């Protein structure tokens, strides 16, 4: 049987846990290879607790964050790699962009998860969105490494930002993650540096679950919400 | 086996042909009962050719339009009913609104097709949208005819208006209708009063088909495009 | 030579002066018949100064406002008529709507000026916009009084509301009214009940003039700004 | 000392509890008269549990909902009145509209709380918004009951709808309600018919509290979020 | 007689043909010098057919595309130049930006045609839009090469992207290109590498023609649609 | 008593005068240290009058603009510094960005004033907005110079662009600057190179004053308008 693949592009090393951990675990359980590409470790901007330790250095923060993310990915059943592009500000040059395009070509994901278009609290997130989308387009171009088949048109889903309305992000798809919630919460607990987020994202999961139930008439406890980028192409309306 | 139902709410008697004929034929072929509810016959505003005949009367226009629509519905495999609410302007009072809610309760459609939110060229279309959505909400209320079970939450899809960008309507779903195109075009040909639209909507079908192909990497010749109203609830991203 | 016509649909009896007086005077000078249709006299909501007079009655306010408007229309060179539909709230039933459609059919205006789509400070203004647009569409329907030729597709321009940004109104056309400014200001002075607006709309004229100059590189002192509703159709880009 | 007043316009009898209970309790504790005007009892559309009781009638549902709302208002420290306009669909004629305008004139509120502009799940809510805003404008018109002083320009705040992003509603003001949370939750518990909402709106209060903290750097546990309608006028930026 | 000039800024070497070929031919026929500035050859991303030839190289693709574009420009009656900035991704540094500003100063175009603000399928297009607009602004600055007169304020028109609604692009001007359609289609046929687009853009021309007819009441067979960027400044509403 | 600080980030050396001079003078009078950070001198794009002098050089323009700005800042009571990053186009590399972040950390402003998100007439303005916001976020990151305490969450207000509606900028806060108008106008008069703007921005101040009065029912002669970026967090609705 052919391996099916999905790609998650995450600005910082923990974003994927809070925002897409359910989708990752769901597809991993179904036998997919879900690959998480972290553009940075969130070493400067999302590691406040670590920086409070005396004598902390950038390298130690990165190492700690990397280890946490690998552990969380393991719990969710996903593979993970890191690009170490820096954060606050994230900066990705064209070589790195072409590397991401190469990941697309190699992995040939059937869907992509990444950040929202806007985020007035975090400029790395929209940049990650831009890179994820630009690299996908580059991977579709016949003139890049013509010997490698071009990418098709995998749909892109934007996971939930921290303050949704401020980011002009709108849920267009609710994914029922009730069956994998335990794994998602277990992955939360690895993120020792951001313990204040455990309950925040548990409540977010319950709110989205209640909304998913209301939009479908089905019993759903936990959900993740996604904005869609491209039109869905289908022969089924439901 | 249980009959599955869908509901199409059309401001005038021919709108469903140009805008949703493919979806109707597709689901009818799959054994669904697709019911078309026409709020008016389009007797004043969409029957120019008939009015050019000498001695034409409102009743004769209505009768002619009704017959055409029944014929077209027959070709597409759908049932049809008419409310005769008038057009240009369409006016639906609360009794009629409750009648539409009653249709929802009785039919229990699994999905609903109707007009766009806005249309600066046609004020009956957005009103039909408003009525379709308000009646759906009323049908969900426990306090209306409490003996009849309330409606669930069927998704609503907005079919393509005549000048899409001017209506702030955006395709979010492409439905591949290639297999039923012949039926759709056959239904076009019934609409004798609007022959200028046959080729317009054939080209529209081909353009949407080409766009659907581009968004999916699949071979698709004809498509219909829909805007979605409510988030999709699912346990599958694809 | 054929008389050319334009139609201005104004919610209250003075709106046309502040918002479109320049366009009216400009076209009147060119020999057009510019007809102003006032849906109300602004008797309740825009006549504060009159209501401060002891013993004032609704009829006397209406009469005073009507007289002012006729005088202002005269200065601008336009004809004017009144529908007396009431204000705050303006309420127009379907008979009145069909009357407006009849005015369109009779006048056959080559362009239409009316209010903005939204105004959170004044609900009569967006209603006037809706009526102006709906009546235009009805006048295009072959099934209304089939013996009278249907209306073509005259462009609609939305004049400037009092607080533009709050109304989500955006200037898309600047009309140079420098040559007729004196007439516009003379018409201001008739509006005795709203003297506080004379300077407000003089400054507005100068600001729009400065913006018009900046957008064109031409010397322009006074301008009126309009939002457009429908696409322009042309064989000239300039 | 002069009594200070605020007005809450609620489509159904319980909306004010979930959406604005904190603001109400906060201002009531400060000695304000907060008056809640319920346009309907939510008797058809928001009383599912009551309708499940055998032999239930519309009048009994209304009575039960009225009693609950009075009790909840009492806990929050507010006065309350009901207009019995019906729900699903809410329908308010011009007499009722003028009654609301009269309430504005009499109460002279310093601020107004009401529903969001849009809600695709509930058409009574945007209608309540429209009525609240239109009545406010009518109350500002000198020509209505000229003997009563006109209303000033109280700011309007839109409380949180059930599915915020779907309603295009955006938080622009976070109100810290931590000190009155107990009262708000106590009021929840009166709403016996909607027990499933207690936890939903507790989580909403915590999420908004966390967001308020993040936007201010202050410790805030519970917050309510509001969208603003008109610009704030001030001589202080903070 | 003074030569009148127009400038078309095209991301890739063929964009101008599909999207603006009619406007170019129309103005060329009227004696204007229409100059097309191609930022790249579309060598990587829009030359799929060429890359399928064995042993193809980047230089050969560029040469082939350049030749095609020159030929198409010739048919349309325009002059053309190329900047070879690369595609997928297009990258234009500040030297190149200043070069474009120089072209503006030298050519002094009376109008500018370029790409849409957004395009989620193609990141080179919005970048070309940004560059075209930024260079125009730089060319207006007195402090750049002060000896050369600054640019005025030529209007900018955005031609139609491949999937209009997805690009949030809206037609605000329809240009009747019926008289030059044959030239436009002849230019299509030069674009051997993109034969699948010939019929797509023929249908687009017919759809825009039908819409132009509907918006004007005139007979129009083929049209191009443009979004406008800046307000029109005029002393004529029509 | 602790010094309270505010930060104004201005793309060019005179922007702060026209757009925020009132807020600056108001807070300076209250004893605040208002610091203006000019990213450039506006030497190329906003010094037309200087460039008309024979033999003018870039350095002399910069010096003249710097002197004017220092004088204007002095009149308003503010401190000022310059980064000399160039204009038309403004270009700020990451070192300069980190410098701005450093200014945030050092100054610890309680509020920030800067440009609008968009401006189709001026690309330096939106870039200044982006930099002001990105530097603020970087200054909040614990991993930058961990020994210096991170920045809190000062609110950001966007001052009025030259053509507000074209910039999609909307006033959400009116600041009454009547008491400091004289200082603002005095600062205008320093801007010798831009005399045409004195009256433009005087009228703008009066228009915003009239709008502020209308939104509050208070007497206000001059106001500045601001768009807000982040939600206000408060325990007072008024």
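First chain written, first letter: the chains are A, B, C, D, E and F, and each begins at residue 1.
Please note the rule applied: contacts are C-beta pairs under 8 Å (C-beta built on N, C-alpha and C of every residue); 3 or more make two chains touch, one makes a residue touch a chain.
Remember, it's a predicted structure, so these values are computed and weren't measured experimentally.
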Between chain D and chain E, which partner chains are common? A, B, C, F
When the Cα trace of chain A is superposed on that of chain F, what is the rotation angle, expressed as a multiple of 5 degrees? 120
Specify, for the interface formed by the sequence copies chain B and chain C, whether it is same or different in terms of residue numbers shared by both sides, with half as the dividing line. different
From the listed A-F, C-E or B-E, the one duplicating B-D with over half its contact pairs the same is A-F
Specify the chain most distant from chain B by Cα centroid. F
Can you tell me which chain lies farthest from chain E, using the average of the Cα atoms as each chain's centre? D
Length of the line joining the C-alpha centres of chain D and chain F, rounded to whole Å: 38
Would you please write down the residue numbers of chain F that are in contact with two or more other chains? 121, 166, 171, 211, 214, 230-231
All chain pairs that touch each other: A-B, A-D, A-E, A-F, B-C, B-D, B-E, C-D, C-E, C-F, D-F, E-F
For the complex, which residues does chain D have touching chain C? 94, 97, 133-134, 137-138, 140-144, 146, 229-231
Looking at the complex, which residues from chain A come into contact with chain F? 43-45, 47-48, 51-52, 56, 58, 61, 87-89, 91, 120-123, 166
Taking the touch rule as given, give the residues of chain D at its contact with chain A in the complex, in rising order. 121, 162-166, 169-171, 199-200, 203-204, 206-207, 210-211, 214
Residues of chain C touching chain E in their complex? 23, 26-27, 110-111, 152-153, 155, 157, 171-176, 211-212, 214-218, 220, 223, 225-226, 228, 230-235, 237-238
